[in-house]
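Below is one structure, written out as structure tokens; the observations come after it.
Chain IDs A, B and C follow the sequence of writing; residue 1 opens each chain.
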């Protein structure tokens, strides 16, 4: 197998993993602290993508688009938290699932009304539309490299936020010692809203950056949401580190599977059959990974909290 | 059984039995066709209620079993119609159009898949279980999407409905009664199961699984069997759905389908079995009516759901009959029937 | 099998539960630290100690709900260290909980009937209504009568008083026909009268059922226990008869507060 192809696919896997991490980090934070399972997290991703596409095409500036997406997703997230989700903390997970399912339906329909049923496309910003030679002889799209760098930067930023800041201390304490946080005189409602806002902004960022790589359409949030669930199941609910490891694992397995399984199958099958079987098997590869982790560690690799 | 409950059941059964006549009398015979669709989904919802309402297993992947049951019928009919051999099976079988083979096979295959998915998913509980069942359902969805042999994304047309002896499945009324008979049979089976010793263990799992284990019950096995029965029930519903729409596609397995089935159970009232029928009726009628007014009917359904969850959790059945569980009153050792507290 | 006592040899006690070197840490805290003790068949063995001494953790490990880091548990001549909870329970080792743990949607009789079911080989019976099954209901009602709850058989658990719930919990474990009971503070939150009633229920079990009793009420412990083990920081400080424990200066100082 040529090294260049392998390196390219590794970077693709990393890029997918980083996107999944942005989603998983928010979702797992929200679950770890508020014990809320939020299906509508994917809707915030969708909001991010649509707003980024619209603002970018209006202003011609991708950076403005991303900033607008961050703001829109964060604001939407906090609004939804204040209006509906706040009442769901401490409720049955089933209630949370159903209510957030209702929120998804609502968001999808609103999006359809505002932007129409057709998919939007966002072109790669001019500066990043070229390729970069990662090592001599291996060109790689600059935009994807940019996504990887932003993702890793967010990862370090989150780490700093949680370890070194007062907010981070409260987040860590809020997850395990709710009474203590209350005793410190911190307004726990406001803390929850802020955490929700952070999670929403991360989702919005992911959506905005996905814009130039995917068709922006209604329902895009749900596809990545379920992949994010797989990441969290593998990594362990509530663990940021688990979210990172899980995201990279899922990104890699999915990308390698799609790229190499058909090739591997070809070595002992006729090409057309190999492509078919390879595509089918690689479409379920991450779920097989999930099943294996489940058998080995039913509560994920880095279990932080009970179910 | 309280008087009121007896009355609700009587009226419900009466309506279901004579619906095609009522529809014809009202001059709207197409209602029978819509009602068949309601019954198909009711069957799927009742099967989910069995594990969710009684066993506390919040499965978000029930659509997978529903779709799988449909695919079993679709694939068998596809090969039978085209006279081709089923490639992934040993031997030279060219499928069949007979319901007597198709439907039991749909039940068997979905039951088997439920055992496999359940065996893995039931290693966990709570929110993990919700996400894992959802993920496995999505896996099957993507698998079917990537399988060009059976239509991939586009799905398969069912050129020939299942052949039931002495029944014309193309007749709306006969189709309706076949579906109704199967739904009632499954309801009766589920009613027996939830009130049996097995059912007591199942309800015990929902209320306090740790305690049940400490008493000496290997709860995992019981939950797994319940999961398999439930999956098989959804598979049968899927087999009927394939016949009803004469089409089989990955859309049947989509996660929104699982969500819909779940909503039916909640709307009707969890842990009531009969409530799921009411829930299926309510949700599908809402869709039917709302979509005739506006294409953006989801904008009404979505917030409606949120409000139901936040403010009205009892379910329609509980509201109609005044009590919740489908339970028989206990009997004292001396044979007296106890006026149990749960007869409220 | 009973061992004969021979001259010159120490008397052999028929041991029902033998715990060796049980160790369990939660982070930096050692909840059990090389915990070693044994319970003789038929005795009531009390486990006392200050809060945080590791009594509940010990019960959790014995019944299988908490996995120990190290150590061996022999029950009724079987090494049950690796057995899952339900299997230990099926072999006759039953527990009650400090915080009442029942089936809240069920009636009192349903709770016991489910416990009777748990003692049967299996409950894969899908057809006959369980609530009409006399083979379950008769022993259930008898068990309720024994703890004085016969008249509350059809009352829902949530409508029972706290004391009645505690009695129901005891009736539930008794209905499984246990060999040994692990009772985690059975008198917790009870008034004088209810405590007295509980003692009257427990006392006749002496000799038939072996009991490991965790209890804070020292009057109860000294009235019921044949032997007492004093726990501190996850270790056994001392095991002896109630009199020995009562008069031990270390125990008086460390635990009884010399009052």
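Just so we're on the same page, contacts are C-beta pairs under 8 Å (C-beta built on N, C-alpha and C of every residue); 3 or more make two chains touch, one makes a residue touch a chain.
Quick caveat: nothing in here was measured; it's all calculated off a predicted structure.
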item	value
Path length in steps (a step moves to a chain that is touched) from chain A to chain C	2
Centrality ranking, top chain (CA atoms only)	B
Per Cα centroids, the chain farthest from chain B	C
Whole-Å separation of chain centres (CA-atom averages), chain A against chain C	49
Computed distance of Cα centres, chain B from chain A, in Å	32
Approximate Å spacing (C-alpha centroids) for the pair chain B, chain C	43
Of chain B, residues touching chain C in the complex	192-193, 195-201, 203-204, 207-208, 210-219, 222, 225, 325, 327-333, 338-342
Chain B - residues contacting chain A, complex	52, 58, 60, 120-121, 123-132, 134-136, 138-139, 142-143, 145-149, 255-256, 259, 262-263, 266, 296, 298-299, 301-306, 308-310, 313
Touching residues (chain side chain C, partner chain B) in the complex	63, 65, 84-87, 89-90, 94-95, 97, 101-107, 109-110, 113-115, 117-119, 123-134, 136-138, 141-142, 153-156, 159, 172-173, 176
List of chain A residues in touch with chain B within their complex	31, 37, 84, 87-88, 93-95, 97-99, 101-110, 112-113, 222, 226, 229-230, 232-233, 237, 276, 279-280, 283-284, 287, 290-291, 294-295, 298-300, 306-307
